[in-house]
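Two complexes come next, and they have one chain in common, chain A, joined by chain B in the first and chain C in the second.
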Partner chain A sequence: MFVFIGVAIAGFVLLRLQPDVVNVAFGSPMAFLRFLTIATPLLIAGLGVHACLTTGRILIAGEGIYAAGGLTVAIVGTSLSNTPLGLWAGLTLAFAMGGCVGLLISWLRENKGVHEVISGLLMNYILQLLTRYLANGPFRDPTSDAPHTRELPWTLPLLYPGADVNIGLVTGCIMAVFYIYVFHKTVIGRYIRSLATSDGVTHVAGLPPKRTRIFVMVVSAGIIGLAGAISIGSAGPFRRFPSDFYGSGVGFDGLIIGLLAGPSAWLLLPSTLLIACLSHLSDALSLATSLPRQVGSLAGALLFLIAATLRYRNQSRS
Partner chain B sequence: MQPSTWQHPLIITNIKLGYGGIPVVDGFNLTVQPGEIHALAGENGAGKTTVLKAIANLIGVMSGSIVIPTDNRDKSSRVGFVLQHDVLPSNMTLGACVACSALAAGHTSKSQDEQQLLSRVGLMVSVAKRVSELSMHQRQLLQVACALASKPALLLLDEPTAVMSHTDGLHFWKLLEAEVKEGLTVVIATHKLEDIVDYCSHVTVMRSGRLVLTRQVSDITLEEIITGMAPVTTPETGAQRRPDKLISSEPIVKMCGNGAQLDIHEHEIHGLAGLDGSGYGRWLKALALTCQDDLTVTVHQESIDTKSIATRRDMGIGYIPADRHLDGMVVTESLEYNMTFGQLPDSHFKQWLPILRDSDVASATAIIDTYDVRPSDVTRRLDTFSGGNQQKFLVGRELERSNTVMVIDQPTRGLDRVASAEITRKLHAKSLHSQTAILVYSDDLTFLINTCDTISVVSNGHLVQTKMAFEWTEKTLIEAIV
Partner chain C sequence: MTLIPWLSATTNLGIPVMLAATGGLICEKSGTAALFLEGTMLTAAFIAIRTGGGVTGLICGLFSGIAVTSCHYLLVNRANVKDVIAGVGLNMLALAATSFCERIAPSAESVPTLSTTSGVLVASACLAILIACLANPRLRLRLDITGESALQAQIFGINTSRVKLLAHITAGAIAGIGGALLPLMGIGTFVENMTNGRGYLALAAIVFGRWDLGAVIAASLGFAALDALQLFASTQGINTDADLLSMMPYLAGLIALVVRTKRTGGPAELST
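What follows is the complex of A and B.
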């Protein structure tokens, strides 16, 4: 709550000092659609991270998984460019790729005791190098000087002609509704959420805690992989996987969204909008003024610190 | 550094305490002189734990005052607190737990001191062991060791002996007496009224958050304490009349291991008695949770050794765990929310259907009424209920399910006499009316003798004796156990 109030005050101050920035960011329907395009992968990645957090695990490898998902769809999409299945095969395999990374991290955590933050950070590093190498090497577009893969022959179906907003947004919204339903309204959701405090309740009822946690992390990582695929599959700047795709920050932003939402899935949407707003405004800020867009990242990092401190302070108090 | 002691009394004047603005204790006064062992007695939900938490400054005072005197060096007194449920980090070693407690109070601690302290409290295990490897009663002893490591002037104890066996309890009280001679002052909340009479110097009786009486123990009888706790007509708390029932000849449950066989029939309540570490837990686990190496179990003539826990629940094998906080419920959620737990729906499809909140509220309300859980608010968070009332809710929730076999571990832990007697009555009713076979372990031998039809004694994992309950007395049972 304090975080949201703080950001609202900061937004108000910005509006007073730099009304142009807000005008650039939200002053037209196209600007607003651009905002929704930014929000789409954030919402999906935030969902993935939040699901893991509810079981007491932190999926810190989101950034790497996001990049891996993007690269997967770029490779599959260009390899199967002659078949209509390329789009769906790409999305499915991006999900599977993310799931595999999640499986590895959670298997190490649950069966070998390797902390998921450590393995997640290392996995991020591995995926960063791997995706950069593949986009710059075997799958590089030979016709271009820039280091990226070949252009996808398709884009995700658009929701509004002329804007980048696509069915990824609808998919994200459906997933969010389904997620809220499962985690807040069903028996299985309550058991999964109880894993954040203790394994005992699920164990005694007959739901194996380890397997449940692994399942949730696999699905979560798969969802983040899908977010990466949706980003690459969008019209607009991408449609090809650039070698520096890792570092776009969506995976880390997903972590902030998950932490900001706390135990409530209902807060996922406002958290997503907040982070998307921050990202969108920092883009506008860099256009309207000479300030670098990394100001937004800095604000995001501060939010992350505050959210993480509040969350873990409350946990340690309880 | 010498332990801090008091020159002046602890004075509590007209305090009002509560959770979320709702008062639980009101107009409560207490004076504890240095060197006393002062007991707080009262029914479940009387407010004993709340008062202890307020003294320890874990919750704020809504009105009134608590004056904790400075110690013999005019420094603020150190207060040690042993909670009813341990809060020790499970991955830490015992030595680290003790050392941290000592360090937090400004003392240094050596490994041999830590080992010595553990031995002094009766915990004969290595300091290198981890908390997760300890049983519940061992963790309770570790909490006592940690509290003593900080060399407190005042030690607050919340039901410390609830999870201890008779022998451990004796050792614990001797330790406490020795510490008091060194200048320690103790305030203890307990349901074991005989312990109050035997070991405490003063007793304060509470009822519904109010002070009923404060006396020297030498000036009061056990009956007066009981009357003070619940003066209104209460159900009989002594030996329960076992209902007349026809126990079938063919057992529902057959458990075999180490050359012994344990049969549980329809309508039968089969008790297990044994010391902590005697291996009784393996018999409970073999039936309720997972296969144990040398035990084989059949239910309705079907082997369940390879069956998963979920399948066992589907077969109608219910389980009430001993540790209600870790295994039974989610204490940060409300009572109606906790109705979901304990058993998954019998089909996978139902697990994904929306929870019917009205139905859960109705079920939770029924349990509150039937088992006298107080306060009667199903939307309150579980951790704002007293330990005894949480236990009543857990037992009620599981007994109300339609299981054919029930495995119950320590059903009366943290319950007062009236509530324990009520649980006995409910178990009798369950076994009589629902053809349920019940296997129950308790370290409360009176409860076992009053409740069970048959009692088996477990030692070193073996069943050493099985007799009808009426053939046992508390004395013979203790002899068999020891």
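What follows is the complex of A and C.
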């Protein structure tokens, strides 16, 4: 709550000092739709990270998984361009690709004792270089000078003509509602959440803690892979996987969202809107002033530390 | 084909990773996960170049490393943030802050650098001091007991906060020197995200070396040798993809973690 109040004050100060920036960011319907486009993958990625955090595990490989999901949909979508199944096969395989990475990380954690943060960070670098190699090498568009894959023959159904807001936003909202219902209203969800503090309750309930954690991380990573796929499938006129897709920061932003939301899934939406707002405002700020876009990353990193401090401070008090 | 360029690149890349790993080892032995190594190295590299390079840059890099690890100490031991989360947060902050500053005012294209021989001498001096400290039974025992069980250490009258603070300062100083040597022994300028995961490789070397100083040094040099393959291939005109070769040390790090199953040898207080 303190974070949200602090950010609201910062936003008010920004509004007073730089009204043009806020006007560029939210002053027109199209600007607001751009904001929703930014928020869509963040919501889905944040959801994935949050689900994993509820079991006491940190899915830090989100950035790499997001890129892997995006590349998967680009490859599958262009390979199956002549069939109507290309879109759905791409999204499904992107989910599966993310799930495979999640499976590897969680298997290493639960069975080999390798901390998921260390393996996840190394996995990020591996996926970054691997996706760059594939987009720049075997799957590069031969007709273009720029390093990216071929153009997807389809795009995700748009919600508003002329803007990139698509069905991904609706999917994200439905997933969020479903997630809140499962984790807050069902018995299994409550048992899974108890894993963050102790294995005992879950074990007594008949759910094997290790396998449950692995399952949740697989699904979480799959969701982040799906976020990457939705991002590539909705990239307006581009619809390609660029070789530098990795640095988009959605995976790390998802981690900030997950931490900001804390143990409550209800706070996922406001956290997502806050981070999307930050990203959108930093873009507008860099357009209106000479400040670099990295101001958003700087604010995000500070928010991460504040959110982590508050979350874990509360935990240790309880 | 001569292997001298590869050995030279291995030395230049290996010394920073090795110093970061040995610094991180001290912190891990006190029971705190040293995930901050990446951010510490990056900050030190940035400060070393911004303060004019050379010996001044090296000393400023050392102090910047101490500043980063002191922040980590405060977050973990005063604000009760999980050590892993605090480390990741500081790494993100270091990356964002250095990139932001670099975009506003780019670093000088070239500052006075240090020769490889100087780098080796500095690293040897650091290691000698570290080995001397660890050879002192009183210091070693305090560090080990704190890492095994802070509660028992307190029962024995050991001030665990002080031990952890000293371990953080030592880790910051050594990793700071390592980070500063990265540009000072190399290109002589700062590039955004120039550590590029080497702090995490240092961490993997600690786990792979099972918290044993000699094994950690060997592991970090091994990772650096793989890291240097890309530079070697480009200088020798070998036609391989740079991205695939760059992936090797990270892949090796991950495999190394898998091979060394169940963190045997690690301090019991480390977060699991």
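Worth a mention:
Definition applied: the second predicted complex is superposed on the first by the 312 of 318 C-alpha atoms of A that agree within 3 Å, B and C clash if a C-alpha of one lies under 4 Å from a C-alpha of the other, contacts with A are read in each partner's own complex, and residues count from 1 in each chain.
Keep in mind that, in the parts below, a residue touches a chain if its C-beta (ideal position, glycine included) is under 8 Å from a C-beta of that chain, and two chains touch if they have at least 3 such contacts.
Remember, it's a predicted structure, so these values are computed and weren't measured experimentally.
Taken together through their common chain A, the two structures put chain B and chain C in a clash.
In the superposition on chain A, contact is made by A:Ser198 with chain B only, not with chain C.
Contacts of A:Pro157 after superposition: neither chain B nor chain C is touched. Once the two complexes are overlaid on the shared chain, A:Pro29 sits clear of chain B and of chain C alike. Considering which of chain B and chain C touches more of chain A, the answer is C. By the document's definition of touching, neither partner reaches A:Pro270: not chain B, not chain C.
In the superposed model, A:Gln294 lies in contact with chain C only, and not with chain B. In the superposition on chain A, A:Gly137 contacts chain C only, with no contact to chain B. Put simply, of the chain B stretches 43-51, 61-69 or 97-105, the part that bumps into chain C is 97-105. Put simply, chain A uses no single residue to touch chain B in one complex and chain C in the other. Taken in their complex, chain A has these residues touching chain B: 181-182, 185-188, 190-191, 194, 197-198, 200-201, 203-207, 318.
Listed in rising order, the residues of chain C touching chain A in the complex are 33, 35, 75, 79-82, 84-86, 88-90, 92-93, 95-97, 99-100, 103-104, 196-197, 200, 203-204, 207, 241, 243-244, 246-247, 250-251, 253-254, 257-258, 261-263, 271-272. Contact residues of chain A toward chain C in the complex are 58, 60, 108, 112-115, 117-119, 121-123, 125-126, 129-130, 132-133, 136-137, 252, 255, 259, 291-295, 297-298, 300-302, 304-305, 308-309, 312-313, 315-316.
Put simply, chain B touches chain A in their complex at residues 289, 308-313, 319, 321, 323, 325-332, 337, 340-345, 350-355.
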